[in-house]
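In order of appearance the chains are A, B, C, D and E, and numbering begins at 1 in each one.
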Amino acid sequence: MSLFFQVILDGLWAGLLYGLIAAGLSLIWGVMDVLNFAHGDFLMVGMYVSFFLGFLFKADPLVSWVASGIFLFLFGMLTYKLVISRILGKAMAPLLATFGLSMMVKNLVLNRFSPNFRILESTILEGRSFMVGDVIVPLPQFVTSLFALAVLGLLYWMLTRTRFGWAVQATALDGEAARLMGVNTEKIFLLVFGIGGACVGIAGGLLPSYLATHPDVGTLFSLIAFMIVAMGGFGSVPGALVAAVMVGLIESLAGFYIGPVYKYIAVFGIYLVVILIRPKGLFGW
Amino acid sequence: MSGEILLEVKDIRCGYDGVPVIHGVSLEVRSGEIVAIIGANGAGKSTTMRTIAGLMHPLSGVIRFDGADITRTPAYSIVARGLAYVPEARRLFSKLSVRQNLEMGAFTVKDRGEIAARLDRAFQLFPVLKERAGQIAETMSGGEQQMCAIARGLMSNPKLIMLDELSLGLQPSIVEKVLETVVEIRNQGITVLLVEQLVQEALEISDRGYVIQTGAIVHQGTASELLASPEVRKAYMGM
Amino acid sequence: MSEMLQVRGVSMKFGALLANKDVSFDVEEGAIVGLIGPNGAGKTTLFNCVAGFYKPSAGSIRFRGEEIAGLPSYKVARKGLARTFQVVRPLKEMSVFENILVGAYLGHPDNKHARKVAEECLEICFLQEWRDWPAGDMTIGNKKRLEVARALATSPRMILLDEAVAGLTSTEVREMVEVIKRLKANGLTVLMVEHIMEAIMPIADKIVVLASGEKIAEGAPKDIVRDPKVITAYLGKKYAETMDKGAGA
Amino acid sequence: MDYKKLLSKFGWPLLLVALAALPLAGLVGPGFSSHVLITVLLTAAMAQAWNLIGGYGGQVSFGHSVFFGIGAYGAAFAVCVGKTSPWPGMIVGAVLAAVTAVIVSYPCFKLKGHYFAIATFAVVEIFNRVFMIWDWVGGAVGLDYTILEDGWRNFTWSVDKRGYYLGALVLFALVFTITRVIERSRFGYYLRAVREGQETAESLGVNSTGVKLTAMALSAFLAALCGAFFAQYNFRVDPPMVMSLDMSMKFVLVAILGGIGTFWGPLLGALVLIPLQEYSRAYLAKLGSGVDLIIFGLIIILMMVYQPGGILGILTGSRKRQARLRARLAAEGGAK
Amino acid sequence: QDKVIKIGTLFPMTGPVATAGQRCQAAVETIVDIINGVYPDLDLPIAKKAGLLDGYRIELVKADHQGKPDVAKSEAERLYGQEGVFAVIGSYNSSASKPASAVAERLQKIFMCGASSSAALTERDLKYFFRLAPTDRIEAIEFVHWFDELNKSKKAGIKTVGVIYENTEFGKHAADEAKAHAQKAGYKVVADVPFTVGATNLNSEIQKLKAANPDALFGAVLGADYSLMVRTMKQFKWKPKIAINFCSGYQDQKINEQLGKDGWGFMGSAGYTPEFGSRFMKGVAPVEAYFMKKVGVPFDSNSIQEAVAMYVLALAIEKAGTLDTEKVAEVLRTATFDSPLSMGGKVKFESPGGQNIMARSVISQLQDGAYKTVFPYEYKDAAPIYPIPKW
């Protein structure tokens, strides 16, 4: 029985991490209807920022997430300004453009920092864990999960309870009408891309405390994040959270009880089932 | 009747995708007036209004509002200056409730008390909206949506409100009511610029009117002059 | 005249909201029937039920004797029942002509024939000068005409017009009215929703009035405008007065 | 504009004749340029197959590598496991791909926009992972060709590439001719109508699900033939090679960069992208690892930003589009 | 005029295994530098004079297959065709080596394969294909032999084994060999755990192992996945008695530095370790110094095999005394080469097939931050630590 709980909890941690990564994607998708293909590479860049801060200045990921968050906030805004703002609303253009961006960023990092994977030694959290009964709770994952909940909570509050949030919603629904209400939609887009970047930046900042950093690290994460956003219903923070936890649990349960190679088959399969029953996602409009 | 000039449009030209559709439109609206723009389909009425509202910028020409040049001012700050635009096809926030739509109308206002007061006023004007306050805008019928759009425009407490195709899709009794509302709005001190296909009805409540044809003003005058003009009657009133 | 369309006891529910309540009426072959009623009365909903976009929660809809309630919309269209949309839906990236052509293919699978029919419909609806214009870039008024032209191109037995003249000037409305009359003369049955009385009253053989989802009146136009129920629910006093005057003159 | 009419009438057959004449002129042989030429034809055919449903039908599918892969596995399975000629495998593979396409797409067509796109991602991932563990078709190890005798029976040529060239040309001609016929037919108009508005199309008597499924099945069938060619050409299949998002992306990228929903777009896309990819990999690698891909990525971004209508847009409507762009900027200037 | 021998290199310079590819590339370059220059201090026949034969310089033409078989195939064609290279060295991934070497065979050109480990490569009876590294099979047999040895000498009590491997062509091959040979020797396979490369976590994989709790663990895990595996084991506080990884997945100076103590006690096969080199392969150190200058890390089992591939090819050209492919290939097929860079010092290819039948590998264990050889005993420089100390 404790094994079962162990498996469940492992899934939970994984799920919450996915939620943290998916949140920014969901926001950008929901507001601008842009699927950011480079999302995984944003994550990777965040990890590099955190890694180098740790490597060069001995900063712990528990601190450097702030820096990666800010870095990715700026990076997101820059991406918006230079690329997305020029092609917003043009069918597939943003998707392909971000695909190009992904290719560029990934190979730029590879070219500059070599393809080596890098690990931070002796971070504060690394290797620590505590027990709840027979169940092991690894500290890095636990802390990341807390961050995920905090960031998602903050995002939710911001979107539903603040003027900024209303403006974001209005912009998402009809940009032109929002402008007629006095919303500076361009600023909203810029900020949304920035915040989306910051969310994934925070995730990237924390990850080096237990995951190796390398140019390809974002690939699978971004795929899972795409799926979570679609499953939750785009633009919906609670949707992203629920879907993420579901994915984490399925992954863990299928991985353990059916077999590790089946875990993504199960995850993607169940995603398809969910989306076919609810074509706009669990919490979608 | 004729206060100082509130809105002045001087010889604007604009177009879509490089194709010019407005070739030099000039008009003015004095505060306290109701001014109607009439014209056939595709004459450029909506384009003119969109340009004034800042959704697009003219290739040449000048637009002044309330003493300031707003030719290149972005739409969102034009609202703040007191010029509201109710676009054709309503453009409600489809997934938000009626109440949320109305609240968005007062986005430039930060004081919650003030917003509540304006909301009350809107509900008085359109009691249906009060009943439906919680309904999601896109599930309302066309007419209900139109009312919501007008009410939303008024939420910003504008000095001038531009109404595009006010009566489109409204039932006769409501058209009547809406037109009465326009007069009422004016009586409350809000200047009105409207585009309307029900030419007769529109001119009956207006002070002055402009007739626009393929992107240029071809007639202008007081409402009664236009109503009496045989050309206008023939071209736009089917008589 | 036989019945083209029989609507019997149709109800349509959206969650708790009953948009149509037990609505019944007939449309005779070759007639023009007007469907009016306050905003939100359920006219479009009823259209959607007839055209197969919604499956009514209860009731039966017979088209030329055949039950069509719940049939998918393309099958309804193939039976000869065409519709326009109140909120226009042009095929945006296609030209006006191509929009109509798509409709024309329904009755005329071969290319030549279909093109000929499409050209005709283009003309009927005064759209020649917009022939190669991208349909999405036109004004509302033109898009409304396109809706009609496209529906006509399917060579239907019956056409459902949902506010086809809204947004047109009175002069243009009159042109459209002429078009509709011509359609009728060619044997087409018309069921139209309209808020512009000058468009509907002169040509309708019969008017059905819906309010809050229920049928509150049915009859000849001249009777309907005098019906106090309709006046309070829909027309408004002032309108009734002018209508009276107009009818009297 | 007369030359345009001529081009649209005779351009396609003339091009085919010209391409068919190339080997006679001795321009196709064992060299790298022949490889590039073959790859251009193959990629153009792939992109055009995708374009049928993705461009004309508006269903932007990232799942085409599944069909491509099934075709590739069909041929490879016949050769490596069945020890026969690849031909029966190709046909069976293509039919299976079409059937798979129908089964998978039927539910997915309920989804709109990015929801559809992501569902197709998931389909690719599932197929990829199933094939990775399915030992009957080689699993992660894949299927490897032994060295076969050259010729049409085995559809392999070891040195001279003329056979492959002709094969690719036939494939290319097949896909493009089918597209041309469809484009001007009732079905083509229906397909575009469904793209522009499903409900509208239905109101005009179009069975939109049927139209989409037919187009998808045809598209998958043709994509599978391309996949079979790819397997024959590379003497190997494994899931990451033929059934992956990378491969799916190639379909989409070429079609969109060339000009989505247009007849010439896929060819133009392949004509520009493939030589760029092959030669930059060959000659930019000296500058350091990944430089070619950095430049490739940059080009995609620039292309999308300045010419979202694709390369075809540059050729046909650059001036008109420039004007459009300016007006649009003016229109959206409200936000600046 | 210019006397140049063009040699192609075909490695994954980008993509998920680019690190390894770039090191292999650097290893070949190191040997080429030595061939082209004069290095009197090196005790290699090719170092003393500049170039090969009567003054032919070697020029490398680099190509990147990105880890993709189709790209490997067309790049091989380009190298042989367009670039006119004499031979190609490559391609690290077995899945890329297969189609690339098939091209060579069709063109009757030499293909030197350093590190690819799939046994299937040399079971194709090719005539122009020569592979230096030991295969998965050789390594698997050695692993099992090592267990037998431990059971006998240390009463280790190894009865059950588990396998964890990346679900790729490499991992699958290796795991199949491991399972087959373990079963043949009477060990019971209690856990068979493939995983997706680039996994976001390995929780369920390690949980599964922990639940089956095998005495010994075979791994075919590379790079970032390897470090994730070790860290996840630590997290779940589980270790087998002995863990042994294929193909030097764990043998990377970077892993050693970054995993720190967590990595200690794990074992793996190695075609080379710096410690081993400094004790048994005197010729390597100076060459390795040049290599270190390029990439900052010493040779590992993969990169050194690519260096040997280049080196042996050079010897064969010298010996044939001509640039006639047929003659050089014949030398490769028949001769036995002295290779100071190879464990055991000799290289000899089986013909047909092309497997280096002298290929050896040792089992090393990470002890106190160094890769110590523990088996076979004749090479051992440290006693094995068995079982691995618990977390």
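Basically, a contact is a pair of C-beta atoms (placed from the backbone, for glycine too) under 8 Å apart; a residue touches a chain by one contact, two chains touch by 3 or more.
Predicted, not measured: the structure shown is a model, and the values here were computed from it.
> Trace the shortest sequence of touching chains from subunit A to subunit D and report its length in steps.
Minimal hop count between subunit A and subunit D: 1.
> Using the contact definition stated above, find the chains touching both subunit A and subunit C.
B, D
> Farthest chain from subunit D, comparing Cα centres?
Most distant chain from subunit D: B.
> With contacts counted as C-beta pairs, which pair of chains has the highest total?
A-D
> Name the chain whose C-alpha centroid is farthest from the C-alpha centroid of subunit A.
Relative to subunit A, the chain whose C-alpha centre sits farthest away is C.
> Taking each chain's centre as the mean of its CA atoms, how far is subunit C from subunit D in angstrom?
Each chain's C-alpha centroid was found; their separation is 44 Å.
> Averaged over CA atoms, how far is the centre of subunit B from the centre of subunit E? Could you give it in whole Å?
A distance of 76 Å separates the two centres.
> Approximately how many whole Å separate the CA-defined centres of subunit A and subunit E?
37
> Two-or-more-chain contact residues of subunit E, please, as numbers and ranges.
Residues 14, 18, 22, 167, 194, 196 of subunit E each touch two or more of the other chains.
> Two or more other chains in contact with one residue: find those residues in subunit D.
Expected reply: 129, 132-133, 289-290, 293, 334-336.
> What residues in subunit B touch two or more of the other chains?
If we look for residues of subunit B contacting two or more partner chains, we find 16-17, 54-55, 74-76.
> Where on subunit A is subunit B touching in the complex?
By the definition above, subunit A touches subunit B via 163, 166-167, 169-170, 173-174, 176-185, 285.
> Can you list the residues on subunit D that touch subunit C in the complex?
The contact residues of subunit D facing subunit C are 184-186, 189-190, 192-193, 195-197, 199-208.
> Of all residues in subunit C, which touch subunit B in the complex?
Against subunit B, subunit C makes touches at 14, 36-41, 44, 86-87, 137-142, 163, 166-174, 195, 197, 234-236, 238-239.
> Name, in rising order, each residue of subunit B that touches subunit A in their complex.
Where subunit B meets subunit A, its residues are 53-55, 74-77, 79-80, 84-85, 87, 91-96, 100, 103-105, 107-108, 110, 152, 156.
> Applying the document's contact rule, which stretches of subunit A touch subunit D when the two form their complex?
29, 33, 35, 83, 86-87, 90-97, 99-108, 110-111, 115, 179, 184-186, 223, 226-227, 229-230, 234, 261-262, 264-265, 268-269, 271-272, 275-276, 279-281
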